[in-house]
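In the two complexes below, chain A is the common chain; its partner is chain B in one and chain C in the other.
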Partner chain A sequence: MKFKRIVVLTLIAMLLSTLAVGCGNDAEPEGGAPADQSENIKVGWVYIGVPGDYGWTYAHNQGREYMEDEIPGVESIVLENVPEGADAERSFEQLAQEGCSIIFGTSFGYGDAMLAVAKKYPDIKFMHATGLETADNLGTYFGRIYQARYLSGMVAGAMTENNQLGYVAAFPIPEVVRGINAFTLGVLAVNPEATVKVVWTNTWFDPTKEKEAAKSLLETGCDVIAQHQDTAEPQVAAEEAGKYSIGYNNDMKEFAPNANLTSPIWNWGPFYVDTIKSVMDGSWTSEAYWGGLDEGIVDLAPISDKVPAEVVEQVEAKKQAMTDKEWDVFMGPIKAQDGSEKVAQGQVLTDAEMLSMDWFVAGVLGNL
Partner chain B sequence: MDINAWTALLAATIVAGTPILFAAAGELLAERSGILNLGVEGMMLVGAALGFIVTVNTGNHWVGLLAALAGGGSMAAIHALVTVSLRGNQVVSGLALTIFGSGLSGFLGKNYQGIPMNYGFKSLDLPVLSDLPYLGAVFFRHDILVYFSVILALFMWYLLYKTKWGLAIRSVGENPQAADAVGIDVSRIRYLCTIAGGMLAGLGGAYISLVYAPTWQENMTAGRGWIAVALVIFALWNPTRAVLGAYLFGGVEALTFRLQTMGINLSSFFLAMFPYLVTILVLVVVTIRRRQDAGAPQALSVAYDREER
Partner chain C sequence: MAKIKLIRREKESPLARVLVPVTSVLMAFAVGWIILALAGHNPVLVYQKLYNGALGSSYAVSETMVKAIPLMVAGLAVSLAFKMKLWNIGAEGQIYMGALAASWIALNLGQSSGPWLVIPLMMIAAFAAGACWGLVPGVLKAYWQVNETIITLMLNYVAISWVDYLVFGPWKDPNSMGFPLTPIFAPAAQLPTWGDSRVHLGLILAMVIAIIFYLSIQYTRWGYEVRVMGESSAAARYAGMNVTKNIMLVMLISGGIAGIAGMIEVSGITHRLQQGISPGYGYTAIIVAWLARLNPLAIIMVAFLFGALLVGGFAVQIVGVSFSITQVLQGTVLFFLLAGEIFINYKVVLAHKEVL
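So, the complex of A and B:
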């Protein structure tokens, strides 16, 4: 019997090793760097997902490709699908050893790993998307997507027929809550009677759950569905029901040509170009970057031609006001969900207050 | 909550229960023959990935469905080889199959993530029945696979309890020595049941990637394979009870978001835990009433070796 046991164990070991190969981090040096370029630097990216997600990672990868077109001669090295935790540290270490001048990490949970590797390699720059902690050679970067969400809310508020809007939301954390509040304020700006009903999925990324959540909102009568999720399934649900939807991350029109009205989108390209150029000319300093519409890192996808021209004009005007920094979303007076005044007339929420937001504005139907 | 909301909830329940029912029916068949296959989640994932990939490339969802059946069946064949022919540990092999399937499906589907798919199974309204008030909307306006899953479960009950082959399968699961003594080929039956079970798991996975949410994402079955394993125990190895169980578990899934839209603040984590909690409760109740076996096939997860008597 001993022989058979060995055969079985070997087979199982083979299965497991196939798995390891299957999910291994494929280092893919991309972008042919002409050898005669004088400023030939290497830049590393660690992605939490795959560029094919049509969501968060897709948007970052678009930015990376934009950078490659803008600055020829930069060699980018990408590690995909790197889980948060111990694996992440190994991945950053690998990129550091391959000689990258700057390394970008695109998920919140990479914080500890990036801090540890940054300490070991003081000459290499690190940039952590959505991160909190900075160091001499570690900066953070994120965008004021809530500004674009406010604009998308104006579109949604103008297009609802029964004043019931739905919002498929991932996790009850400040980033998502801020987005729901901004969207709702945008809705109320054009339609004070409307309400926004929130359903939590407790996942960033689960097509079936996202679709089910959207369907449950549609069943209760919501006629515009917005989302803070990474797949386009809520858009598909709205398309199937013949209602409207607002996308996220990228222009999601192709998934729901009739339903999709617009999407708050990320545009990481110019930021990557500027950051890498600053590394090349030596002017890079560690910072906590939080750019808005004015910097172009966040934007609104083209608005559907179903939306009346006067609404589009209103949206454009607000966008201009935010771009010129004359106005911002969380400027008083703002009422909380229970009707009490949360932000007084003339008061503006600070960045710190926005980054720790744990309350809903009036007009949101949902629990935190 | 008005009547239309209820019919919508019940209709969603049936759709959510269908992939679980396919997978559970397959697992039930394998376990009835004495093979515990914990690789359901992995087989579902391979089925979901292959079903989607082949459908996208051929433009025909029926061909995709065949690919899913083949994928789930091949995965199960590995399990059968390890546990029946080599008499390896069924728990270890099944767990390895789950991990292998999640890696393999992710690898195969890498370039297909997030691709929209517009063709698939459209709902097939049954004539007359679909016009029934309320009942029509709940039961008779689904895609063809929903009807097939119920027919399949009923057929499996008939097969197991009313036919000679069913008797052979059950006897192999209860007492392979005795079955062998009366001339039943234990290995052959276990191979067939395990592979057929894997095909059904693959079908359940394809239902998710072709009908439920027509797309491919890594790990998109999200634990439904494990729910199917729990469901077999919940159903006490009886296919007709598996139908009820699948809809109970599907109902919990459909309810998760609808409770929130009703403004009821019940944690979605609690609801996610609920199917397993019910399974444990059923096991406790049944064990107390029947003392020990709880209806499990006696030889479940025990390798059969002719020479060891």
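So, the complex of A and C:
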């Protein structure tokens, strides 16, 4: 008896819920059957995380939404939380089968999968964020976030009271090492006495671990926490301890209203717009894109009021110098961790040297 | 006044064995329907995509198979231990150790030797490494009654850290610009695949393991002993069976099979050792093993259906369903399947008070 009643109720609930959707769909068609097919192209994204991380994937998703506003009629298809192992190749293949004209992958570990699928679908363009290998229809894209990290280091260096800064870092790979070095050089530029202590979490996305790592740094006396992770948890730890923090990926002010000083941020939107437009008008070519402050793909979030005006001025001046390409972060003289001279006066590191960086500058406390 | 009562079935009903899981899945989809509709999706479209993404084309089926192979092998591995009521939840770590050992062979011999030598050697190495990872908790359990659940679980983290150490350190490809990857294996160290799909020899291997497992548990003296020891180790001891030896042996074989799962994943799919080669196959395998009621032949089937659920889950994102909703759907299916188990062993009767 009861069972029957449950079945009937369930069926009614299903019907009602479907009706609700039906109405919703009438009011607002959802890309399913677009009016004008000819103008439409499909664009695919494969995310390593979820937009709700408020970090790396969030920034890419912001860029995607910006693109949707800028180029009406583009249908974007997103696959979230795709692991780098066996699942990656299928995800790119599925987007290719869906008829995407260009597919973006946002994690380094997608390299093999993207290369394999790009080979199978020569007419589809592929763009691999932080990637290494390119092909005729496979490009890579990334930004010189180290420039913004240097600027954030200047802010941090000026605000520390006991000259001990902490850095919660994901993995000892060149991208992260470069960021730590740039940050430290920024710190030392305004505060030669300071040191930057590094803790590795060996994860991109693990809110608990990131927060614990930040806490361990705070307990050893660090009073500014910077980070290279996918979430804002290190900021939250600094906020709770009443210390300062430097965010990453996005303006992390809302997660740490008191602790937040500034954040090096990504601004993928305009890049996505330009790339997709170039696919639409046929001018796309495979390249290894690595834009900097001058292109606007990386930037520094607004600096907190707590930072003295003269520091902000100094930061602005350095930012201008980098935007005008008069100066860059890895310009000699730079000392390595052991005190030996790594980059001589008047020398500048090449892109290849920066992209394969596996050494720390003097002032970093930590091991690779 | 009617009252619902559960009465244990005297004999497991074969009809219930089939009907209950099917009904469970249907009910899960009905609940999922409501969840999807409330989240603003068209359930028909979503279920269509779920089916198409997992089983709707030969490509989809091949990818479901790719996902299912490690689940089959790891599911077989844990169910052997479970037969003896040894809770080996360390398949994840055993997978990583197997992958590590296989990679060592591939990186050192892949260039200089043919596949007929390299692939069997990779298998032996993977089995040995996984077996070691299973034997340690096995010995601790056999001689000192140390809880194997905790030891196998903790060894998972140790194994993952070993792989991390190697791919970030000594085994890192010098041409990878510092990224944590070993070089790609030579063709001799890659498992052959079926046509242009990614389905690899691991599928045959999984079936062979399943058949050997089935035959030896069902028809050999040793298999009989394992079953008896699973029911009651005291009775087994009284009957003169060597329980201590068998705990170690079963943990060794269980770990070894899981090690093979790691080998086929690096040799058949990733073609190099890297982080995250197993996104939790060792844990999912536990669910697969239980849903298949530890029956090796059923594991092959259940792993395939489970692979379909996982692969289809990714596919529905194409119609705009977010990852979290997909997980809710998958969780609902699991919940109903596991909850439904009770109706296989028990029947529901409406009892009136006066009858009592």
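FYI, the second predicted complex is superposed on the first by the 331 of 368 C-alpha atoms of A that agree within 3 Å, B and C clash if a C-alpha of one lies under 4 Å from a C-alpha of the other, contacts with A are read in each partner's own complex, and residues count from 1 in each chain.
We take it that a contact is a pair of C-beta atoms (placed from the backbone, for glycine too) under 8 Å apart; a residue touches a chain by one contact, two chains touch by 3 or more.
Here the structure is a predicted model, which is why all the values come from computation and not from measurement.
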First (chain B), second (chain C), both or neither touched by A:Val50: both
First, second, both or neither for A:Ile173, with chain B first and chain C second: second
Touched partner set for A:Asp206, first chain B, second chain C, both or neither: first
First (chain B), second (chain C), both or neither touched by A:Thr220: first
Contacts of A:Thr231 with chain B and chain C, given as first, second, both or neither: first
Which of chain B and chain C A:Pro83 touches, first, second, both or neither: second
Shared contact residues on chain A - chain B and chain C: 11, 18, 20-21, 50, 52, 202
Contact set on chain A toward chain C in their complex: 1-2, 10-11, 13-14, 17-18, 20-21, 24-25, 30-32, 50, 52, 77-87, 89-91, 93-95, 97-98, 108-109, 112, 132, 171-174, 177, 202, 355-358
Chain C - residues contacting chain A, complex: 2, 4, 27, 30-31, 33-34, 37-38, 40-43, 45, 53, 59, 63, 66-67, 70, 164, 168, 176-180, 184, 198, 265, 269-272, 274-279, 311, 314-315, 317-318, 320, 322-324, 350
Of chain B, residues touching chain A in the complex: 5, 8-9, 12, 16, 78, 81-82, 86-89, 92-93, 96-97, 99-100, 102-104, 106-107, 110-116, 208, 212-215, 217-218, 220, 222, 253-254, 256-258, 260-263, 265, 268-269
Touching residues (chain side chain A, partner chain B) in the complex: 4-5, 7-8, 11-12, 15-16, 18-23, 50, 52-55, 58, 166, 197-202, 205-213, 215-217, 219-220, 231-233, 236, 254-255, 365-367
